[in-house]
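Both complexes shown next keep subunit A, but they swap its partner, so subunit B is in the first and subunit C is in the second.
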Partner chain A sequence: MKRRTGNACGFSLDPWAPRTLRKLMWGFYIEQLMHSLPFFLKGLWMTAAVSGLSLIMGTVIGFIWGTMRASRSRIVKALIGAWTDLIRGTPFLVQIFIVFFILPEFGIQLEAFPAAVIALTNLASCFICEIVSAGILAVPPGQREAATSTGLNWFQQLRYVIMPQAMRVILPPLVGQYVLLIKDSSVVSAIGVIDVTRVGWLTVQRIPQGLLVFGLVAALYFVICYPLIKLSSSLEKRMSVGYSREKE
Partner chain B sequence: MIEFKGVHKWFGELHVLKNIDLKVDTAEVLVVCGPSGSGKSTLIRCINRLETIQKGEIIVNSAKVHDSRTNMTKLRAEIGFVFQQFNLYPHMTALQNVTLAPMKVRKVSKKDAEDQGRYVLEKVGLVDKLHQYPAQLSGGQQQRVAIARGLCMRPKIMLFDEPTSALDPEMINEVLEVMRNLAREGMTMIVVTHEMGFAREVSHRVAFMDYGELIEIAPPGEFFSRPKSERTKLFLSKILTH
Partner chain C sequence: MLETFNFRVILEYMPLFASCFFATLWLSAAGLIGSLAVGIVACGMRIGRSKLLSGTASIYIESIRSTPLLVQLFFFYFGLPSIGLRMSEASTGILALALNSGAYMAEIIRAGIQSISLGQVEAAVSSGLNYFQRMRYVILPQAIGVTLPPMLGQAIVLVKDSALLSLISLPELTRAGQIMNSERFMPAEGFLTSAAFYLLIYYVLKWMTAWSQKRLIYLQT
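== the complex of A and B ==
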């Protein structure tokens, strides 16, 4: 990442240069950017791959941990609680450095891509675990007692009685969390994964128009996140209607 | 059918069941009454191990409930339980509420479960409410669905934990009527309730509990006209005046 200071935002131009020249330069930069669009799309694909994989695995692990955290066993609860607190209380950048630079010290050598996916999966699991366990605990205990007393086993209770009700509480913040995690995935550029943020860093060295380059980067993230933001808020609306007909 | 032998239970420091000895026969209807906090709900919750006991023995259908190795899932299927707050599944219709356990626990086919569900819901007078959600039903209707949910498992025992306490007065009777019919059909029932009319009319024996002790247990005629213990007399004088 060698770049001359001062030109990242395009101020290296002589401010007194004729307007026409500057106009010409803008046209040139935009054309250059268009040429590197395939590079950006590749980066977008990498961002989608890292966050997609991590979100899928993180959701699975998060639901398992969340269910265990909402269960009765004190030891399991304490262990998962401690881990999620630790992960939620430390910066993701540091976590990813630990996976990528410090694990090799213990003989675990990882490529940048798997390291990124592992770190982001872990982060996702921790956040999703909290959302899921809160959702499960929001279901009144009488529901579990009723299911227990009809002879349903633990898994059947969870599957048919608890989860369908908990999902109403879980879904809106879960989708919101996806948005946050996709944006957090930009941190993986720090260990050399060529995601869309990294593409931005590389491109700005050739096209010294920070606003232009990172504007494009932002737009690409937005394209992925905006539908999810909309989905989350529409879920929130739909879920809050739900059983409002219910009498207490 | 149900037997308590020297049962003790503590919630932390609180001694909620003190040396309970009790025997309920097949087809017997036992009403348990007593002031709130006397341990009567806890008593019946112990029968299907919604609560665990610390000392003594509970034997249901020759299965040892107090033994942690006993498989409760199977036993619970034989015991219907009706809660004060109904605890219907809000995301399911009345029919789905009553067919879930037969399908998942008894592995009855969906069609058979629904046929039976319809039959039982008809029996409790809700044949027109099959596809309504609990939120669309009145309290009395919800409680009758809850009773139907228990009955669909074809239980040998039905336990009622203050089934009418959360209901508006005009709905109490429709629920009691369903319970009367059940008693007439020879169901073994333990009913925790303050409905003394029901106790007098339907039950074979009435038990009085206070501070976790089983103070007195007698047939209703005797229980209401000649209570032995002072505490029973005091309790009856309080609740029978109005």
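== the complex of A and C ==
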């Protein structure tokens, strides 16, 4: 193979460049990356803001929809079911584009940030709705009947009888879903929200070391998501232990 | 409101959408096959006896599961050329999809294998079945019943994830919507048509999932 010589001002790190030059370039790139670290942290803050806001609102809406979906009314069930199907069946990227580009046609002009929060909240509430309704339906019907015959009203039944038992089924997949949603929040960079993925994309134009730049971005996501994944699996273990003990 | 919604333009763009629809189909099919291969290998490494291999596999699985696909995609798209590996966009995209879904596939396959109790295998051995008979009549029918529905669920996720490939300028369904948006400034027509095509794939896969669940539970009982 013909060996090419590296050029000092070139932007690609030539694998055949002399070793000292390669070392020099790496040092240069890493230093540059260290300089733009505050920019990355700002992006991380934006990611946390988008996903935090949407997760809180999505959890509230998801719990409301989930209890409605587990109720007896057929029309409500069908409506929520159809909507969640539409949202689960289309990619999040397309949903974001729809919110960002089509809502203006209805006269709602949105900045990128609120558009991202609206789209992610909607996605979150659809997935959480499914989890919640599955959890409520997993509670044996005898419990509700017993609660009714003790004279608890609908809200008291939900608050003191159904939910404490359903939470055991809901909690582990809920935390898992949070991880998926935080990861999905990277897609909002496509409409120009300067989150940590976008920061990586902007930085890689200046520092042409994709592995280094996106390795850093990935590490930042890892720091958030990995503890949550571990929490989800430990919750799963703990909840199932409690459940089997109670059954005995 | 959408009183200007223009079906004629959609018809005009239909050839583009059709070709992009097939692009999405083949990209996700290639990603699915790749992810099955990756998943089988990773699962084999994960449950094997060698500590080194299982450690490597679990690092791979955990790091894929806790980073977004978009970041992985950019990692390969911008990263591979910088170490001198030049690949086409399509192969970069398929590589990212396969490696991403492979981690989830590995977990699904592991759950399927672990769902079969050792007693089943022992019973099969003591009734004199050889390896292939054991696989054919005892293990696979149960394992497929457990793994097929979540695998189809992963296929749904994979098709939706393939939308991200439009961000590295691959011509697929979302890209078709973007092209229509930028050429005619018709975001509603473009993106709603893409969404409709995705829904078509989603409902077919969902129907297959429901069918497999019904059919396989029937087989099990």
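By our rule, the second predicted complex is superposed on the first by the 228 of 248 C-alpha atoms of A that agree within 3 Å, B and C clash if a C-alpha of one lies under 4 Å from a C-alpha of the other, contacts with A are read in each partner's own complex, and residues count from 1 in each chain.
Here, a residue touches a chain if its C-beta (ideal position, glycine included) is under 8 Å from a C-beta of that chain, and two chains touch if they have at least 3 such contacts.
Small disclaimer: the values here were computed from a predicted structure and weren't measured.
Colleague: Go through the superposed model and pick first if A:P38 touches only subunit B, second if only subunit C, both, or neither.
Modeller: neither
Colleague: Who does A:I98 touch here: subunit B (first), subunit C (second), both, or neither?
Modeller: Only subunit C; A:I98 stays clear of subunit B.
Colleague: Answer with first, second, both or neither: which of subunit B and subunit C does A:T150 touch in the superposed model?
Modeller: It touches subunit B, and subunit C stays clear.
Colleague: If we overlay the two complexes on their shared chain A, which of subunit B and subunit C does A:V187 touch? Say first, second, both or neither.
Modeller: second
Colleague: Looking only at subunit A, is it subunit B or subunit C that touches more of its residues?
Modeller: Of the two chains, more subunit A residues are contacted by C.
Colleague: Counting only touches as set out at the top, which of subunit B and subunit C does A:V161 meet: first, second, both, neither?
Modeller: It touches subunit B, and subunit C stays clear.
Colleague: Is there a shared patch on subunit A that both subunit B and subunit C touch, and which residues make it up?
Modeller: Dual-contact residues (subunit A): none.
Colleague: Spell out the part of subunit A that touches subunit C in their complex, as residue ranges.
Modeller: 12-15, 85-86, 88-95, 97-98, 101-102, 105-106, 179, 183-187, 189-190, 197, 200-201, 204, 208-211, 213-215, 217-218, 221-222, 225-226, 229
Colleague: Residue numbers of subunit A touching subunit B in their complex, please.
Modeller: Contact set of subunit A toward subunit B: 140, 142-143, 145-153, 156, 160-161, 164-165, 243, 245-247.
Colleague: Touching subunit A in the complex: which residues of subunit C?
Modeller: 1-2, 62-63, 65-72, 74-84, 156, 160-164, 166-167, 174, 177-178, 181, 187-188, 191-192, 194-195, 198-199, 202-203, 206
Colleague: Applying the document's contact rule, which stretches of subunit B touch subunit A when the two form their complex?
Modeller: Going by the criterion above, the answer is residues 48, 50, 73-74, 76-77, 79-81, 83, 85, 87-91, 100-101, 104-105, 133-136, 139, 146, 149-150, 153.
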